[in-house]
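Lettered A, B, C and D in written order, each chain numbered from 1.
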Amino acid sequence: MKEYLFTIEMETRDYECDIQGIVNNANYQHYLEATRHKWLQQEGFSFSQWHEQGLDMVVSEITMKYKVPLHGQEVFLSCLNLYREGPRFIFEQDIYRKSDMKLCVAATVSTVAMVNGRLSRGEEVAKLFSKYFQP
Amino acid sequence: MKEYLFTIEMETRDYECDIQGIVNNANYQHYLEATRHKWLQQEGFSFSQWHEQGLDMVVSEITMKYKVPLHGQEVFLSCLNLYREGPRFIFEQDIYRKSDMKLCVAATVSTVAMVNGRLSRGEEVAKLFSKYFQP
Amino acid sequence: MKEYLFTIEMETRDYECDIQGIVNNANYQHYLEATRHKWLQQEGFSFSQWHEQGLDMVVSEITMKYKVPLHGQEVFLSCLNLYREGPRFIFEQDIYRKSDMKLCVAATVSTVAMVNGRLSRGEEVAKLFSKYFQP
Amino acid sequence: MKEYLFTIEMETRDYECDIQGIVNNANYQHYLEATRHKWLQQEGFSFSQWHEQGLDMVVSEITMKYKVPLHGQEVFLSCLNLYREGPRFIFEQDIYRKSDMKLCVAATVSTVAMVNGRLSRGEEVAKLFSKYFQP
């Protein structure tokens, strides 16, 4: 397994599965969001505090590659790394099935900062996140 | 079929179904909420405007009887009536499968009004809703 | 706090919250289902195995009382007890906010057994569940 | 607006919105899936029939660009085109806000065919879909 900035163990729930008995594709996006928010929480960042200060992070683009499907009540590891590319803060996020560490989903989530409702060049967020960037 | 104050035609989506191929129980609660909001919208009521004036409607209790399951991409009718019982505004909500008008879900949704964050005796809302009450 | 047959710690996710910043009502039903399934899993019961043997448990009625709302990324305890009333197996399910043990949702979930697609008097399930029934 | 093979009018629901009052990112993926399924239904294709014949279509990769957010109870048009690239059947899917025809989400959804559980070169599906391919 690659090295990651943050890894969290999660478990699928039966209601997230569809008629084929596998997790519906859109629910992985929920897992990815929950993982980013848990990382932010762990690092002491607060969306609501940022929002009050006029700073919002929004997802501008997401790419998800589906490799191996998860089933109901399956434990998985959700991992993330963080990069900066100009105004974009890019989360590389991978989901592994815990039982055999097979890669299930590989995602790239591009986010941008809005400052007082306008697209930012990212300098404010870069200061907050700088120590986390992968080279 | 009984008479209703409001009826809307909706359709299930495949992602709302679980592994048994039927709509997951919790999703009917989404349909019920969407139906109430469509009725409010049709009558010209606005949650957000109410909220700015310090008035919020919240669900205090819900009872749902599951009769016949819906499958993916099935059309249904979602119907509601409205009653008042003291401080409570009660939506009687029924869901019928359109193809044979079988009753699928029969629900009772009790709501109360919060005025400036405190439970209200309902006089403000009763004025707004009075013409809709079933005897 | 009352005594319960089973208690599990869970955490809300931000995407489960609506515009008011509190968990959308329908999502509590998801939590309740996930709790029942975790209990069944812990006790070694398998829905899919039951299904292959022609036995299905279905929810026939649910009542939920909403007391105190949960917010995003809040930890809660989800607890259940089990009773039998003739053909019905009734899960009493309560959700408590962990930080102050306030009761958030009190639910009663009635389930019935279908054997080979027909409503059962519950004798098969009663044998499996008998040691769990509350008096 | 570009030309599309299929366009359907849909409406957001309040429970699909998050705390910012805009539709949660993952829900657009639900809209995209529902759109593909409606198109398949309109053309007389049946997933379940395919499945019985050993043919399954699965999403292998999705890219979504988020341009303009939708709010609660907003009407939108969901449009799709279809291309073939070797074994992959690619749905180009765009979502427009109806009120001003602003592009909200631009997505590319790659699907592949599994025949009897094995990745197919796509010949079976190409026959079914050939008349729909964009040049």
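FYI, a residue touches a chain if its C-beta (ideal position, glycine included) is under 8 Å from a C-beta of that chain, and two chains touch if they have at least 3 such contacts.
The structure displayed is predicted, hence computed values, not measured ones.
Common neighbours of chain A and chain B under the contact definition above: C, D.
Interface comparison, B-C versus A-C: the pair with the greater number of contacting C-beta pairs is B-C. Farthest chain from chain B, judged by C-alpha centroids: A.
The geometric centre of chain C is 34 Å away from that of chain D, both derived from CA atoms.
Separation between the centroids of chain A and chain C, computed from CA atoms only, is 29 Å. Per-chain Cα centroids separate chain B from chain C by 23 Å. In chain B, the residues touching two or more other chains are 14-15, 20, 24, 26, 30, 33, 72.
Per the touch definition, chain D reaches chain A in the complex via residues 20, 24-27, 29-30, 33, 56, 58-66. Chain B meets chain A in the complex at residues 14-15, 17-21, 24, 26, 72. By the touch criterion stated above, chain D contacts chain B in their complex at residues 13-15, 30, 33-34, 37-38, 41, 47, 72-73.
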